[in-house]
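The data blocks that follow each hold one structure.
The following pair of complexes shares a single chain, chain A, combined with chain B in the former and chain C in the latter.
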Partner chain A sequence: MADTVLSVRDLSIEFDVGGIARPAVRDLSFDLSAGEVLGIVGESGSGKSTILFAIMRYLADNARVPNGSIRVGTQELLTLSRRELDHFRGNRIAMIFQDPTGALNPSMRVGDQIAEGILRHQTLTVAEARAKTMSWMARVQLETPKLTYAKFPHELSGGQRQRVMIALALAMEPDVLLMDEPTTALDAVVQAHILELVRTLAVEENLALVFVTHDLAAIAKVADRILVLYAGELMENGPANLVLNNPSHPYTQALLKAMPKLDWSEPALAIPGMISEAVDRFSACVFVDRCAQVKEKCRTTRPKLEPRRNGVVSRCHFQPFKPKLSARPPRVEISIPVKDSSSILQLNNVTLEYPLKGVGLSGFLPWEAKQFQAVRDVSFNVPANGALAIVGESGSGKSTIARAILGLMPVARGTLIFGGEDIAQFSRTRLREFRQMVQIAFQHPTSSLNPRKRILHQVARPVLLAGQTRDAGLQAAEEMLSAVGLNASFHDRMPASLSGGQLQRVAIARAFVSCPKLLILDEPTTALDVSVQAGILELLVELKLNTGCTFLLISHDLAVVRQIAQDILVLKGGVVCETGDIDQVFSNPQHEYTKTLLNAALQV
Partner chain B sequence: MKRGDIDTSVWVGGSITVFAVLFAILGFFWQPFDPLMIDLTSRFADPSLAHPLGKDGFGRDMLSRLMAGAWKSLTMGFGATFLALSIGVPVALFAGYMRGWVDQLIMRVVDVFLSIPSLVFALIIIVSLGTSHMNALIALGIATSPRFVRIIRTIVMDTMAHDYVTAARARGETALFIQYREVLPNIWPPIIIEGSINVGFALMAGAALSYLGLGTQPPAADWGVLVRDGQQAINQSIWPLLGPAITISIAIVGFNLLGEGLRDQIARTKVHEHG
Partner chain C sequence: MLAKIISRSVTGLFTLLMVSLVIFVSTQFLPGDAAVTLLGDNATEEALSHLREELGLNEPAVTQYLRWVGGIVQGDFGVSQTLGLPIGTILGDRFIASLQLTILTILVAAIVAIPLGVLSAIGQGSTIDRTVLSISYLGISIPDFVFGPLLIVAFALPPLALLPSSGYVPLSDDPLAWLRHMILPVTALTAVLTAHLVRQTRSGMLEVLKSDYVRTARLKGLPERQVLWRHCLRNGLATTLTVLALDLGFVMGSIVVIEEVFAYPGIGRLTVFAIGDRDIPLIQATTLVIAATFVVANILADIAHSMLNPKLE
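Now for the complex of A and B:
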């Protein structure tokens, strides 16, 4: 390449865990020139963030770099002294993280935080630094820079904070910008805007940009080149359109197939298994135990990086496979409307309010209490045996509705009708029955299970609560766990030893074990990798077909919604925008906001 | 620091604690001499091989008295803390679970008690209960419990925010199940840490009460009584004061090192897990 800015050669990184060296990255090489965006994509545990930390020279204490080199221009980074590093970081390389809230000082005005960075690295007067800050805030499209300058981080939205972080990083005019999942925590519409901004700025500033994410759709929006990483090894590296449209490595193919499609042309397919440490890295391909196209040679010889057409390199023994069509039949069952005409749950003009907390006693006294309306005048039906999706950005009130249905918060106005009866009028016994019929699965797998209880006991609990014997409960839990694909070895394990996808399966088993009539799924796959997400979606569809349970799916991801739901309800600011059959809404959206959401939904 | 490494202060504090407990248990069953045996021929004898800490004004062996007193003092430290936890943990779980005005009411009452220094609070209770070892223990337990309520309630509230608690509420678990089966198992580490620091404080406060004559009554002696007796005889010999005073100091330092070391170590492990 013409002017290579960042050059990584044969980089290996390992972590010393209890005296054993665990490889995190192995023999990684890539180049990046000015004005070019490199997307690094991989599942959790693939080592993608480790690479960024290595470039920043910010690895954990137990990390070793046995070989390799990282150069910015002509300067070798791995041998820099502490003092030289201080100069290098910020001036030449900057990094942006997933969570802008944690990266900003909560007690300092955001403008001052940007100006502080400028003053630290450039010889400018305070007034000049302020002016520069303002101009950068305008460039990252923060409205009214003057007003925003004086705001504190908590007064800004997540998207605005990420814009501040971008301004902060770029104001120091670095050559290399590293971004670690910068848009993962943002809503779809905001994410689309930030990605656009990143793309524009990279070109305008002639930046060498490394963009790390697990989301192929996000990478498709920004990257010129894509590097696919698996278990710390480069699987495929090449121009973005080639890698995405004509992947040469089976792993890339599998990743693309795992993505849920907005047009529902084909179902998302899970990649079986998880990144394994058992594979012998010296005499086999690291992807051998999950590859759909594995041959004998893959088990005995480690593949080299082979050049393919048009500048693509691929670590596979074999020439590009024709993307093989799935052996499984396409999932048509769910598209047949199995929903009844009767509705299991009905919301009539429901308004939900949160008390606004004041300082000290104010707002505590009944006559001073103020309410925030999270949901206003919402009405909808959940058809029995159907699947309704509630879609909206964070703060739209979608989770609040779930809380109200579960009886975790009072209904300010309106009625909730379950099976023909008003929930508010339930007797104690009826309420107990209702609670068994309505279950919930949450977004964060680590938070949804008690860290101090064994898996089997957590799953058995709803059965015991229903008054069954201990043996019956444990047996039901065992059956349910095997139904979600977790064998007996998981029964006595603690949640900390499970992966995110496995935890989510346990949570789903716990929700299903009492044979609920209605299952509320609150962003069930948002915290998971695409490959794992596809597996969970498959499982949910399978359980739905087997049990006939009604789903109420809450999500911000239209492609995920598309995999499960038959009906959709679009919510914005606590008000219903649009509701109807999902095919009709997707193909012919009526409300402006629905159109915006559909436009912002990223697809490869 | 690598995971698995034990903090120096945990190591030192833990060793002192274990030693103190063993010393007290040994002292409960056996002393080299009868701690109450008076021998007026050897009043204020200096340390010797047979009597390594010397003798007091009645010619009683100081090491034996210190060992017998260790049991009294440590039961004071552990017993008062146990009582404080038995009051503080349920109240904290209840307040943190209920939230709203119930929580506000409980916490304002706790604030009132917290505004009185623990030792003064304990004195007030002893005045109404009468002076004895057991009453001093009860008084200290009650007096230190508000602090536990305040600390543990915050942790309960954090834990309550987890989805597994929401799931338990959604499936209709009782309040007691959620408090004691879902939340409590997850808040043991901070309870143990604060408890360990409190043992040190109760040990010192118990000695102070005995020093003032409000705790253990002679001829039985805990470390506080020994310090008072030793201090009164300081013009005759320094030895009857020196042994108990140094022992108390080391024990308190030990419990505090252990608690604060554990706190640091847990904080570091958390950082490690997230980073």
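Now for the complex of A and C:
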């Protein structure tokens, strides 16, 4: 193309780990013109962020680039000297990161941080740079730029901070903007707004924009073209609507099917297996272990990038299979008819407070003590055998409720009733029984697992705590591990040698092994890749069917919630907005906030 | 900010009140009788009871405590039993002498430790870094009561005999002599502190150098020098300065030992003297003053901390 701004050719990147060259990216090529948005989608281990840092020339010290070229305009970046680089970064290419909180200097006013970049690359006076900063703040829709200029990062919300980062990058007037998961850390509603803003600004500024994410739904909102990356290999590259609606590569097809659907039209299907990190993986197809359409040739020969129809290129030996609509498995029905309408857990007008603490001596005296109300006057019922989802954005108080149920924080006002009894009145023995009947699985399974104990023993522990014999415990643990899909080869392994999805399976096995009555799932799949998440969702549904355990699911992700829950409770700022049957709430939301959340939930 | 300072000061006063109570109660249990201490073992029972009456020792403990605290509030620390002088006057000079030692120690530590810590963090893994780390390791492991005498042997005794081994000359009398008397005790006091501070500074800076906002600054295209000055130092040194203010209290504690080693007439030595002679009013006064410096150091640290972290304001 005539106006190609960014051109990457045959780029390979590897990391030297203990003398062994571990390849991260192999022979990557793509072009990007002004005014075009390229979405790079990939799961963890795909090398997507590495590519951005390679373009910024900010790779770790042990990284090598054995071959390839990265050009902006006519300038080759890989041969720039350190000094030339300083004039290039910011000025020609700018970058925005996932976590806007860490990316801003906590002790510098946000306006000054923007102006600093302007002053570095443009010959303006300080006053002009300030004026320019404020006009950019207005363009990224930060209200009252004058006031915001003088604020410190912590005085802004997460969304506002990301807007500051966007202003910071664009005020330097780069030709190329790189965004690394820029909306992943944000709440859904904010995310939707930022994506819209990014799209508008890219057009107005005629930017060449690279948007990297694991989230196909987010990419669908902004990208003109989509590049699918897997294990460091470009799998498919083409116009966004073709890649999303008519994917030609088996991996892209599988990835789309792994996404949970908000309307529950079809279940999310996991991609079995794990991403390959093998040093020699490029001698075959990198997807070979997980591909449903694998043939003999795939194991011996690396597929070439083949042109398909309408400007799509795809790295697969075979022409795409037409996705057969009828081949989809039937929708899983998980609602068990409620035998008795009794509730297992009931919250009556519960208010929960955190004490606000300062440094050192401050805050321990009565006149300095302050309370923060995290949850106000919340009431709900979890019917026995049911599955209730508590949905809300960060700060809504949803995790605080889980902590209170587990007895990890005091209840300021109101009562918690479990199995007809007030938890606060529990005797010591009853409390011990209660702790066995209620289990929890967290977002980060590592936090609940002991890093120095073998998997089998960790899973057996709750049984032993319940006073059963060692043999009984180990047997129960073995059965449970095989139920969550981990075979005997995992028994003696340590947590560190497991992947995120496998660890979450261990955590779930550990929670289920003592046959709990109630399982609290706190964002159980948030830290996982889409292809793995689908597997955990399937597993949870299956366990629910087999054990009849009651679920309390805490999540921000409506599509995930839809896969598991029967009832839903929408929480905002510690107050209940709406509660009811999930089908009814999704199809006919009553509360404004529920509508906003549903609208903001992105779908491909 | 003002509200914060006031609130911290109130908290500080409250803490001191608690401390005074603890001091008072514990000195009540010290063996010995103040009247006997004053009059000697051969005093008649009559003379003793007369003196007890005079000193108010027969009154209930609560009254004695209130009188003591009431006196301090008005600047009256009572009378030293062994010296027969008002404690206020003795304390004043000694306190100033000790304060000079403390402040000088803190200054030297900061001037030496901060640049070294910063340099060592910037060149992590370099020769400078490794040298600084090993020396600071040594500094941490030698206690000051060992280091002090070693210094005397090396520099104050023959053959070198460069510096005086003990004593104190007021700054106003003879600045040069003052300095010569300060060098050895300050060195002894500052060794551990500097070592500790170097490590603090280094780890604080390393954390900042790894931070995402330093990456942002570099990817803005700022030259490394500017990244360091504008983005690293303030954040990297925030904890160091807080620790430094807290160390003011720590030095006040070490001073008891070092002043004894160098026969330096400060508050630490006065405390040792008071304890040796069971001079209860003097023990009470000196410990309270040392506790007060701790509390003031804490308040200063707290204020420094919130000034350097806009987040906490």
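Points to keep in mind about this one:
Methods note: the second predicted complex is superposed on the first by the 571 of 604 C-alpha atoms of A that agree within 3 Å, B and C clash if a C-alpha of one lies under 4 Å from a C-alpha of the other, contacts with A are read in each partner's own complex, and residues count from 1 in each chain.
To be clear about the criterion, a contact is a pair of C-beta atoms (placed from the backbone, for glycine too) under 8 Å apart; a residue touches a chain by one contact, two chains touch by 3 or more.
As the structure is a computational prediction, the values presented were derived from the model and not from experiment.
Touch criterion not met for A:Gly273: it reaches neither chain B nor chain C. In the superposition on chain A, A:Pro307 makes contact with neither chain B nor chain C. In the superposed model, A:Lys453 lies in contact with chain B only, and not with chain C. When the two structures are aligned on the shared chain, A:Gly467 is found in touch with neither chain B nor chain C. Shared-chain residue A:Gly548: touches no atom of chain B or chain C.
In the superposed model, A:Ala103 lies in contact with chain C only, and not with chain B. In the superposed pair of complexes, A:Glu116 makes contact with chain C only, with no contact to chain B. In the overlay built on the shared chain, the residue A:Pro66 is in contact with neither chain B nor chain C. On the side of chain C, the complex with chain A involves touching residues 7-8, 10-12, 14-15, 211-213, 215-223, 230-231, 234-235, 238, 298, 301-302, 305-306, 308-312.
Considering their complex, residues 18, 60-62, 364, 406-408, 431-432, 435-436, 438-440, 442-444, 447-453, 458, 461-462, 465, 507, 510, 514 of chain A touch chain B.
Within the complex formed with chain A, the chain B residues making contact are 2, 4, 101, 104, 162-164, 166-167, 169-173, 182, 185-186, 275. Taken in their complex, chain A has these residues touching chain C: 56, 58, 85-91, 94-95, 97, 99, 102-108, 113, 116-117, 120-121, 152, 154, 165, 168, 172, 358-362, 365, 367-368.
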